[in-house]
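Just passing along the structure, written as structure tokens.
Each chain carries a letter (A, B, C and D) given by its place in the written order, and its residues are counted from 1.
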């Protein structure tokens, strides 16, 4: 894109591009095989939100999500990427419907996987009812697609994290990859603090936020199966690895998930802090986990071995 | 209507639905003699990891051993907002509940949600909005986002928000708004027997396909969703 | 929100073969620029929707300098602005021209 | 008989009055207010140590709680008015008169209180100026200071944030004043003695560590392309041609961008070792990549920065450290170093007028001066030559006799033409002048006077004011880099073109810089996490800057 990049390979460029920092479009461009991405309902179609003008707010031509198809190591994939900087990546009517339509097509075809690059604060306030319902439709569409044999992989490492209904959609996916700055939760830190007080949750204590909701904790809990370095190439490799790992969906998955979550409650339900959970998982000096470099952390997480594979 | 009123009117022949700290678990017998799994959230209880897991466990058990439709009663708070719930991965527990409900519905156990009180945000997604048909009762008061919180974030006055809410169902709380969006399929009457209305619904269940976007368009609440989803679907199908 | 439209006659057609390009995002202090090769070679047009009120003269000046410098003939620019500073606007416009000047679809 | 030791006797009486509350020198924190009531007299000049960073917060609260019938109308003489309690003192009537230097977070409230007559203002100073007056006409009767630890004799360890303490204690203790220190802990042996015990009269042990604000941490993830472009222009248009090795940086994002471009853009220009080797500077985390890449030889600091402790300790070749290994900072010395031993000051401001005067005062905010004017001023007492200094002097007076011609310090204002919320940096008339008129001040609060400014850098280009020969040229040179602000759009285009031909104004293309290359990928670190990585895990950023 700029002079320093002109003479390097796409993989090198993807490796040197922070997933956290990149735009939705850049993420897709670098995640997929070079030049393979084709967008559905691109910005030139100007399918903007019909609701933001009620609030005198600026629109974005793609309503904050880019959907389309491309190739990953030569194989076709459907992709959706949220732009976390536009309205916090939140789900509105148009934004959500693009993803719903993509998933419905994937279900009908049945063999082409879907990658969802989450970057969202959840429901878009200004169209809360439409956004909430869009999320419900997407959750349903993900499950119908999975039931039809489609693998749906979530990649989480954007600046808005994966909050609210986004967290629920992520929970419906076949597998997740997350990076250290990625966050997965339902209620945001500020929402908890506002509703329950700063004693319950100090949203400005960012170390607390990340060890409660961040990528490392989610990986150690087994909520995400792959921990990616914060660069697009690593997410690409994570997506490829997960596509290999994921098996067919069925009732036994849900039973295994029930057991997996029940086991989590039994083991860690009384823990007051992530450090307590990590200690209970058998990690020595658990308080140093946030400081561990990614490679060491990956080795640690692999050794602890908690995963949601075949149990989600 | 209170929970007892609702249950009595739904199941005049009796039911075995217990309310354990806001978590509803049990079953009831329909007039046809068939049994129905009944579960849900009552007393405006927040849906946290513990509640969600109990509910999903009940559905899974019923998938193994039972049959017939599943009824999800909803009078909840939002998801439980707490450090502990998020620490333990509340999103997984809520989506797991939604997933087992969707799975049941797709596999011969049609699901009906009955929203008779409050609900919001993640709790609504994991319960009522994860059923095939969501029914509202008059007096139900769902609120995806309450107006005071919204006023705070948008820095608009309550008056201004209420004024805007008159012209669009897209953001303000309320059953009729959600109905117009296509989220609530139908609103029952509370002056006639709920059992009759349930029976009528069961006799004429809509197809398993999610048509809420089409419904929203027909009702003038969501004019773009159905068309956009359909266009993306067509483009994606054309690509392969 | 405030809307502005500008039409300019320009010296030369913008280079490259791409038909459309988009740069930027709509966020506080940022903007998106959608550029499409849809006009006759000697014309260019810019449509702006901005969240920052009262900057009409600044836009006029920024656009004037941009058109003078890049001669973006044949291009229509559509801008959604979240209140970006003029230098950010100039930068995004230049980035948009550079992107559409690449060869490709 | 005339006594010549009245002050000493009065000091001894004050100490005796407080001694009843102390075991040795140590006073329980619950007795802090009673101690102050015993030692302080109405109308006293009191220095309540409020530094740029370190705050004697326990003693602030204790002073706020005094019995007004015993203590009132104090004259506060302190560099930083930073905590809400500092102003509560005036609201409550404990204090009446104020001489200070900096009021960062309280700038809006202090403005309201000045307008409301709650505060009788002496003057807003620069740091060195206030410190100087401590020794002439504003000597404190009582100093309330903060330290990390004390031993039982009263030797104090200030930790890395020594800041103003030695200066305050010097002025107070040696002129018959009383020194009261709050400390985080009392130990058998202090790690090093920053303040000797015989200058300290009472020690109050605080229940929790004194408040320190991380003021110098700029998150690289917030640096914009515009700031990167401006930083590139500064490096290539000023640092390189003058060969600036000894300098001070402001704390804004533009200078943080410069720090992060040194190991990338600067390296590519072959400037390593030729520029930016010696700093008068707080331990900016953003400088870590340049230090690790071998750019920086030495840094002396005004204060410290939260989270940099271990890094500094491990890089003692670069920083000034004590025998215990931790940073020793000293605001008075570092300000002096910035004034006399640096060839360049570069920093940002809120408003610049057509003469180049700048101010951070707006109609509703009085932020004070801090130290920028000390460094952002030509040192008339300077006598040692250096290449940048001589060259700047020659540019401003090309016809002067070389052996008699003073050099000039490079004083650079850097910023984007529009600031937050699209507020223009360039104005026809400074808000500071309006404020001075409203408050009937004899002097408008100017941060840096136009005749000291040598260069202005914006995203539009570099203006070299040394090369301007008339007031009119100077005005057009400023307008010529003022972008699309009203000031910029009212430029005389032909004159600006001429100035550009003469090299007074240099655009990005004149410097061989393509604005499209101003990309965040040029930053040596793009996040706080990157800085931690550069530091080999030694930098431990405060929680509010983390995203892990």
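Just so we're on the same page, a residue touches a chain if its C-beta (ideal position, glycine included) is under 8 Å from a C-beta of that chain, and two chains touch if they have at least 3 such contacts.
Everything numeric in this text was worked out from a predicted model, so none of it was measured.
**Q** Compared with chain C, which chain's mean CA position is the farthest off?
**A** It is B.
**Q** More C-beta pairs touching across which pair, A-D or A-B?
**A** Counting C-beta pairs in contact for A-D and A-B gives the edge to A-B.
**Q** Nearest chain to the global Cα centroid?
**A** Central chain: A.
**Q** As a quick test, compute the distance in whole Å between the mean CA positions of chain B and chain D.
**A** From the centre of chain B to the centre of chain D is 58 Å.
**Q** Need the CA-centroid distance for the pair chain A / chain D, whole Å please.
**A** Those two chain centres are 43 Å apart.
**Q** Between chain B and chain C, what distance separates the C-alpha centroids? Give it in angstrom.
**A** Once rounded, the distance between the two centres reads 46 Å.
**Q** Need the CA-centroid distance for the pair chain A / chain B, whole Å please.
**A** From the centre of chain A to the centre of chain B is 25 Å.
**Q** Chain D: which residues touch two or more other chains?
**A** 516
**Q** Just say which it is for the chain contacts: an open line, a closed ring, a star, complete, or other.
**A** Graph shape, chains as nodes and touching pairs as edges: none of the named types, so other.
**Q** Chain pairs that touch, all of them, please.
**A** The set of touching chain pairs is A-B, A-C, A-D, C-D.
**Q** Show which residues of chain C lie in contact with chain A when the two form their complex.
**A** 1, 20, 22, 25-27, 30, 32, 34, 36, 49-51, 78, 80-82
**Q** Which part of chain A faces chain B closely enough to touch in the complex?
**A** Interface residues on the chain A side: 38, 40-41, 47, 50-51, 54-55, 67, 69, 76, 78, 93-94, 96-98, 100-102, 104-106, 108-109, 112, 123, 125-137, 139-141, 143-144, 147, 164-165, 167-172, 184-187, 191-192, 194-196, 200-201, 212-213, 217-218, 221, 223, 251, 254-255, 257-258, 261-262, 264-265, 268-269, 271-274, 277, 308, 312.
**Q** Using the touch definition up top, name the residues of chain C that touch chain D in the complex.
**A** It comes out as residues 29, 52, 55, 57-58, 61-62, 83, 85-88, 90-91, 94-95, 98.
**Q** Spell out the part of chain A that touches chain C in their complex, as residue ranges.
**A** For this pair, the touching residues of chain A are 23, 25, 42-44, 46, 53, 56-62, 83, 85-86.
**Q** For a test of understanding, state which residues of chain D touch chain A in their complex under the given definition.
**A** Counting only chain D, the residues touching chain A are 221, 514, 516-517, 519-522, 526-527, 529, 533, 537, 543-548.
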